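Note that the chains are named A, B, C, D, E and F in the order they appear, and that numbering of residues resets to 1 at the start of each chain.
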Amino acid sequence: MPFHYIQPPVFINRAGSVDRFDRKVSQWIVPWEEGQEVEAGLIGVPLSRSSISPSAASEAPNALRGVWKSFAAYDVDHDVDLTRIRAADFGDIAMHVTDIPRCHQNIEAGVLEMLEASRDFPSFLPVILGGDHSITCPALKGLARFHTGKRIGLIQFDTHFDVRNLEDGGPSNGTPIRGLLESGTLRGEDIFQIGIHSFANALAHKEYAEEQGITYATMRQVRQEGLLSILERFVKILRQQVDGIYITVDIDVLDLACLPGSPGPSPGGMQPWELFDAVHRLGQEDKVLALDLVCLDPFRDRGQLSVKTGAHVILSFLSGYCQRLQQKGP
Amino acid sequence: MPFHYIQPPVFINRAGSVDRFDRKVSQWIVPWEEGQEVEAGLIGVPLSRSSISPSAASEAPNALRGVWKSFAAYDVDHDVDLTRIRAADFGDIAMHVTDIPRCHQNIEAGVLEMLEASRDFPSFLPVILGGDHSITCPALKGLARFHTGKRIGLIQFDTHFDVRNLEDGGPSNGTPIRGLLESGTLRGEDIFQIGIHSFANALAHKEYAEEQGITYATMRQVRQEGLLSILERFVKILRQQVDGIYITVDIDVLDLACLPGSPGPSPGGMQPWELFDAVHRLGQEDKVLALDLVCLDPFRDRGQLSVKTGAHVILSFLSGYCQRLQQKGP
Amino acid sequence: MPFHYIQPPVFINRAGSVDRFDRKVSQWIVPWEEGQEVEAGLIGVPLSRSSISPSAASEAPNALRGVWKSFAAYDVDHDVDLTRIRAADFGDIAMHVTDIPRCHQNIEAGVLEMLEASRDFPSFLPVILGGDHSITCPALKGLARFHTGKRIGLIQFDTHFDVRNLEDGGPSNGTPIRGLLESGTLRGEDIFQIGIHSFANALAHKEYAEEQGITYATMRQVRQEGLLSILERFVKILRQQVDGIYITVDIDVLDLACLPGSPGPSPGGMQPWELFDAVHRLGQEDKVLALDLVCLDPFRDRGQLSVKTGAHVILSFLSGYCQRLQQKGP
Amino acid sequence: MPFHYIQPPVFINRAGSVDRFDRKVSQWIVPWEEGQEVEAGLIGVPLSRSSISPSAASEAPNALRGVWKSFAAYDVDHDVDLTRIRAADFGDIAMHVTDIPRCHQNIEAGVLEMLEASRDFPSFLPVILGGDHSITCPALKGLARFHTGKRIGLIQFDTHFDVRNLEDGGPSNGTPIRGLLESGTLRGEDIFQIGIHSFANALAHKEYAEEQGITYATMRQVRQEGLLSILERFVKILRQQVDGIYITVDIDVLDLACLPGSPGPSPGGMQPWELFDAVHRLGQEDKVLALDLVCLDPFRDRGQLSVKTGAHVILSFLSGYCQRLQQKGP
Amino acid sequence: MPFHYIQPPVFINRAGSVDRFDRKVSQWIVPWEEGQEVEAGLIGVPLSRSSISPSAASEAPNALRGVWKSFAAYDVDHDVDLTRIRAADFGDIAMHVTDIPRCHQNIEAGVLEMLEASRDFPSFLPVILGGDHSITCPALKGLARFHTGKRIGLIQFDTHFDVRNLEDGGPSNGTPIRGLLESGTLRGEDIFQIGIHSFANALAHKEYAEEQGITYATMRQVRQEGLLSILERFVKILRQQVDGIYITVDIDVLDLACLPGSPGPSPGGMQPWELFDAVHRLGQEDKVLALDLVCLDPFRDRGQLSVKTGAHVILSFLSGYCQRLQQKGP
Amino acid sequence: MPFHYIQPPVFINRAGSVDRFDRKVSQWIVPWEEGQEVEAGLIGVPLSRSSISPSAASEAPNALRGVWKSFAAYDVDHDVDLTRIRAADFGDIAMHVTDIPRCHQNIEAGVLEMLEASRDFPSFLPVILGGDHSITCPALKGLARFHTGKRIGLIQFDTHFDVRNLEDGGPSNGTPIRGLLESGTLRGEDIFQIGIHSFANALAHKEYAEEQGITYATMRQVRQEGLLSILERFVKILRQQVDGIYITVDIDVLDLACLPGSPGPSPGGMQPWELFDAVHRLGQEDKVLALDLVCLDPFRDRGQLSVKTGAHVILSFLSGYCQRLQQKGP
């Protein structure tokens, strides 16, 4: 392998269908081979010891690998055949058991390494599978280093502002946005947060977000205006302001009844189909450079409800991305 | 008993209410006695070894029998007193442990036998409790034999097309629609499917469905147009084309968060109340001849969430059927 | 302590946040001290042996105490800082192990005692944490004794009419409304019920409710008209008819998929965010005197889905109440 | 029916085996018909609102009825064919929803009624299915009234002494032994308790038991001496002292890992096979007049672990009883 | 691949340890490559639609593959380094979705095929991962065809005799021993069953077993004499009678509290460590030719209790087998 | 508070019994007040982000605080009234969210601080509630600093050697013994490990343990010789070699069926009652200075099986300690 910070996937489930004509995602997303050109590259970041409350989000990448076999590589809602593009599993970024700062450094280096390896493939788009939300800060830094000189914006689906102060507990799943602001990686006006929830955020954090110029929509606003309408407004602004957009999906934005598998969800959250539609829309958007999915904790899941929902998020995004590439044409 | 293929119910729960004025469904649906005239006849089909993935849907008929005591025989939403009509439990169609083809033959013969036994009772309507979806093919064949010469249409609530090829695995829960088409029991243009879901169906199956002239609505269409609106369109067409309509409800059409008890549901599926409204509407429809409910797996359930939801589907349909009979008058 | 029927809380969880600026509900609702003026007083009623079906709703008060630490004392949706008002936990009303009538007497006496202790504090509002729904009858009687001479109305969120006859089983969770009517505490025309559900209520109970002049909205009506619209209609009528309004929230009004933790929910029930909006609106309403939350059974819960949902109901109501007090000004 | 206090079983599961030669317990224990002579009569006592901590032991009789189909009516360990004797299900003693004293009166009357109905059948032996442990006091009183003038002894399998004072909470599942002593139904020296556990009993209760002359063996003694050895010692004494012996099995005597389905079990409890051997031995014993099984809570069960264990207790006892009758000869 | 009836493993989990010196079983059992010599060959038989009650034992082979990473390849109890021998995963025998007879034919052919492929490797020993117990009949037939002319004996760990008649339901998990007897594959006197349990077997089946000359030990005998002592007696007899011994482990022989993941276990069953010791002993035994493990149903499991227990059975057997080979020397 | 590294308990459950004579552990272990003399001091160490696999053992101290109310403060097996000695809850050692080395420093400092605060009370004995096993290394270092100049020995109940190398992952729950050896805190010959399990430890770790002179007993040896016999041998040696003994209980030494609530247990582990007897014996032992309980993960628990078992371990130890103090007399 050409990588210092990335290890190939140890967990593989290539199971297919009884029906020979039924192509499963497990047969489409295959382990990446050195030099291989793909349009979509998945990479796992198995870190969750940086979570404030106990989390097994480190197990999410393998949990997702385990359910690809349950999904067909075809989106009947938008008539998109995913197998028109090529997708690969790059494996996991290497983590340390007890040195959390080193884990964060590896993430920044690993994301950069993955992007460098695909520098010659103009359509390459990374999909980053957390881990807890602390990974978004170094992952986005790695992406920003690859795109040096470009201004990057962020669309965040989350119950939380994630702007806790860094002094009290260091870089955790409660701080990624603050880390990106304090490090100068992002400007406040380029950050758009959707799904912010009552009784899940402190007044102090709302005040900090407003001081920094962050734009946000609460869940009540989402229900009143509609998620897609809000999203269009945000995308329109971002398209004018920035050179590239990073999408971060904290799965705890979803309703607690639909998403038991996360430390963070609240009752009254977003419905899964709303999120599917939103990320599908963002997959179509030219300036979108990457997506991460975080805080999916398979140990808290019931059945595979949360893991399958997380998988559906990834596939919806990739379906939109297929449409983006098809529009561009060959 | 007058039957060769049907065994009387072995599982009975007649529990009633503390309040003497509160009549429960367990007191309304009673074991059928030979020659008894009823308007609604329930019959179990405890077969799920024909399911592609492991399923205990064979346990659904008794699981439903176990929860009737939790439901009042009154529909306050439509002010319908179910006890105005008579309902009976015919028991279960006899199954074989290891001979799946024989099970399917028994289903066809058993449904026919039940219909023959009620031939003199013009309002008789069967409700068939699966079992996995493979049972719909022989059940509908049995019904078609009873109604020889009549053209039958199908309305199917399902996440899946159910048109897998029959060569690779034989008649399973993935093939009932294909089996009905290939056997000439139904014409493609008489089949209407609602709830077809992304990443749950192969491109090849969508192409087959379109070639056969099947009409379908995806879950995204359901959310955009509204289920009842779509249903009215479909019913209107069917009413003109066919002599009788069979309703098949694959419970996996419901959202995975609301329906853990099935091998098949996806996140982003139909909401239970949408399905209740739809089957209530279909109960009112003159040409509707029968309904089956399949792929309800009590072993995967949590609490009794799925079983109670399945029971609510049956009762909603019967409430609509009460209204149909009341309109006709005595 | 100054009380004969109330015991101070034995269960306390004062856990706070990692971030010093993040104030949790656990740090806001503190054990009440004698003579202390507060705007909101919580009190537990750990009784559920009066429930028809087995219930551990007696454990709900402590379960709620255990999750306050998971909620921030800030409502970003309405920009309300809960800590602007003072809140205290008065503890639990004393219960007897086997003498259910005495439990009900204690509830009436305990609620009165709590109100007397705060007689000098004009903004004092009690929040009563059940317990099963049988507690609403004596709790409202206690409130009515405190407000002697005033006409009290009731808004009830519930799947059920709760008007079973008192002869067959005595005062249980199926009878509180009948008990309030038969005792003359309430008039039928002052009772408004929202969320009444099909197959969950007997025809006889619907007829009794109508005879008594009770106004009700079924779940189907809620979905068709919208909960807030119905609520405004009901509030408008009540405001003219009565001097004070008591709110009772039977948590089983919520959809079974969202609320496993209760003996009563049905599929197709109310969505949590609808209920949050409704109680927030009622918190704002001047004539509202008290709220209780009943039939939350932590033993049937999954994860903390139901308990967190119940906590969100309380906090939403208190957020509306904060706005009411702020409007009045200092 | 000839009964005032007993209702026939509403829950019946007659399911049999695939193999026609395999006779299930569900086919052996059938609903009792008036005047029918049987050797063993089962009766349910669905009361657990008298339990100190929340309990659904009221659901145990029907839960046991639901699993008889999973057991063969043959004991290969002792080569006993249960079908050699006749067994019937008498149904349930009638309970009141909110009047606990009346429930206890009904139990005493119902047990007496059942015994009177079988007075002419000398081999008749009742098996009483609780309910919580409060039922043992009235049940044994009913038995004592039938056997007026006879001295009755008690063997109790339990983690607890069950001698809490009756003043603080009335007759609950913590008080049956105290109730039997204070009412003069039993003498202390005729009571033998097995399985008393550390950190599950107060010093005051141990002192009371000793004052009353109760003999007990702790779980540590059971492990050191062996359960059967202790039992033989106790039986030997009892046989000389009393005219008849009542067996009460509080299922919480079993190890918590083996018996999740009860409010009371502790880690380090009795192993199921020890209890099976013990009740089998007691079934053989001539002076044994009845057995009850209490505090089995199906709502706390996992899978059917506890319910199946409880069923195995009943069957082991009946197997011993078969041997007793066979020894006597025809 | 050289196989017609065997498919290579689609599920691979090569995860290792944080500590480079800690070798996991996942790193020792690797996918077999054509022509590769190994001492132990694992093969999955994902069939359980032939089970009488619903079973997902078809998922056991992949469930076991998923937990190898949790086990070190070292047995500290016997100081055996498993990596001294070579082990490979041959994949799964191909199954049909609805044709159960064909599945059984494939098993016989697949086992034979695997043995033929290793004919030149004298130490080769197959470990067969079921599937339900119906697979033992064809698997042993395949082995017997490979060892034509040799007399094969059987040691079976099971709660059940598994001698149901073949007429009523065909070859299911209740019939393997009958199938082996009726087909002449085994003689009754060469069959030794351990763990037969009360109330789990019909009198008719015990009589059949005795008529056929089968030797069995009930669980009570196991507890009285000790499992290893019984086993030595049985092995001593078998060693003299037969040329080779097949071991079948129906995991339902274990106590229900220790083994939730199977349709069959009873309370009062064998303890896991007893079974570990027994199969370790059998691994050492020269005449032992193969072992299968059946009726492990991951869908009924709790946590990974049953799957890990099944894995421990396999590893204990292989540890004994290592000692056998080491004693023989190079 | 006088402490820098210890925070008072935020979680308190003082619930008592219905019976006024029944004293619960929740009423005996009360929050410590500055300067208060107690014989037993409990302290929580809520750290588990240092665990190799995801763990919520950080939640164990509060989980134990939550169940004290379920235990009586009396040991009937040894007739020990725990309330004869005084016990207090010192609260939790302060942890950092992302700086694991600082957490370990705080543990060392916090244990020292607690011991210093009780320096004048000669009978003071700390009970340390983990957290994962990484806490034992700093906790024992803190104790050793307090007892400078004294030679400390260790008795460890564990499935694992816990001697992984410190280079590959730093000080985690897999390394505490190695950390204590490499830091010179303990000598190998003063370490005694009980319960070491097959397929749970690498050959390399067994070799390291032997090189260092560690004495260990595998689970098989425990079953063959008996735990108490082995323990006496070990205590006898230690008593001669060292000045003080530290006990560490990794709860994963227990059988997986009895202890779901830990990342580490194996099938075939120690039975709870064996461990209770062992720690009771060690409580009596004069040289025993402290005990810790680690790797109890309430998130993986079922019911409260594991938490209650952990509580029973603590209480059994304290019961033995009571006997030690009573023997010394006043």
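Note that in this section contacts are C-beta pairs under 8 Å (C-beta built on N, C-alpha and C of every residue); 3 or more make two chains touch, one makes a residue touch a chain.
Being a predicted model, the structure only gives us computed values, none of them experimental.
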| item | value |
| --- | --- |
| Repeat of interface A-B, chosen from A-C, A-E or A-F - more than half of residue-number contact pairs shared | A-C |
| For subunit C paired with subunit D, centre-to-centre distance based on mean C-alpha positions, whole Å | 41 |
| Whole-Å separation of chain centres (CA-atom averages), subunit B against subunit D | 43 |
| Residue list for subunit E, restricted to those that touch at least two other chains | 18, 52, 97, 168-169, 172, 255, 257, 300, 302 |
| Pairs of chains found to touch, sorted by chain label | A-B, A-C, A-E, A-F, B-C, B-D, B-E, C-D, C-F, D-E, D-F, E-F |
| Sites on subunit F touched by subunit D in the complex | 17-23, 25, 71-79, 81, 255, 257-258, 272-273, 276-277, 302-303, 305, 308-309, 312, 315-316, 319 |
| Touching residues on subunit A, where the partner in the complex is subunit F | 48-52, 54-56, 58-59, 96-101, 134, 168-172, 299-300 |
| Parts of subunit C lying in touch with subunit F, wherever the complex brings them together | 10-16, 18, 62, 97 |
| Residues of subunit B defined as touching subunit A within the complex | 52, 164-165, 168-169, 172, 174, 196-206, 218-221, 223, 255-257, 260, 266-268, 300, 302 |
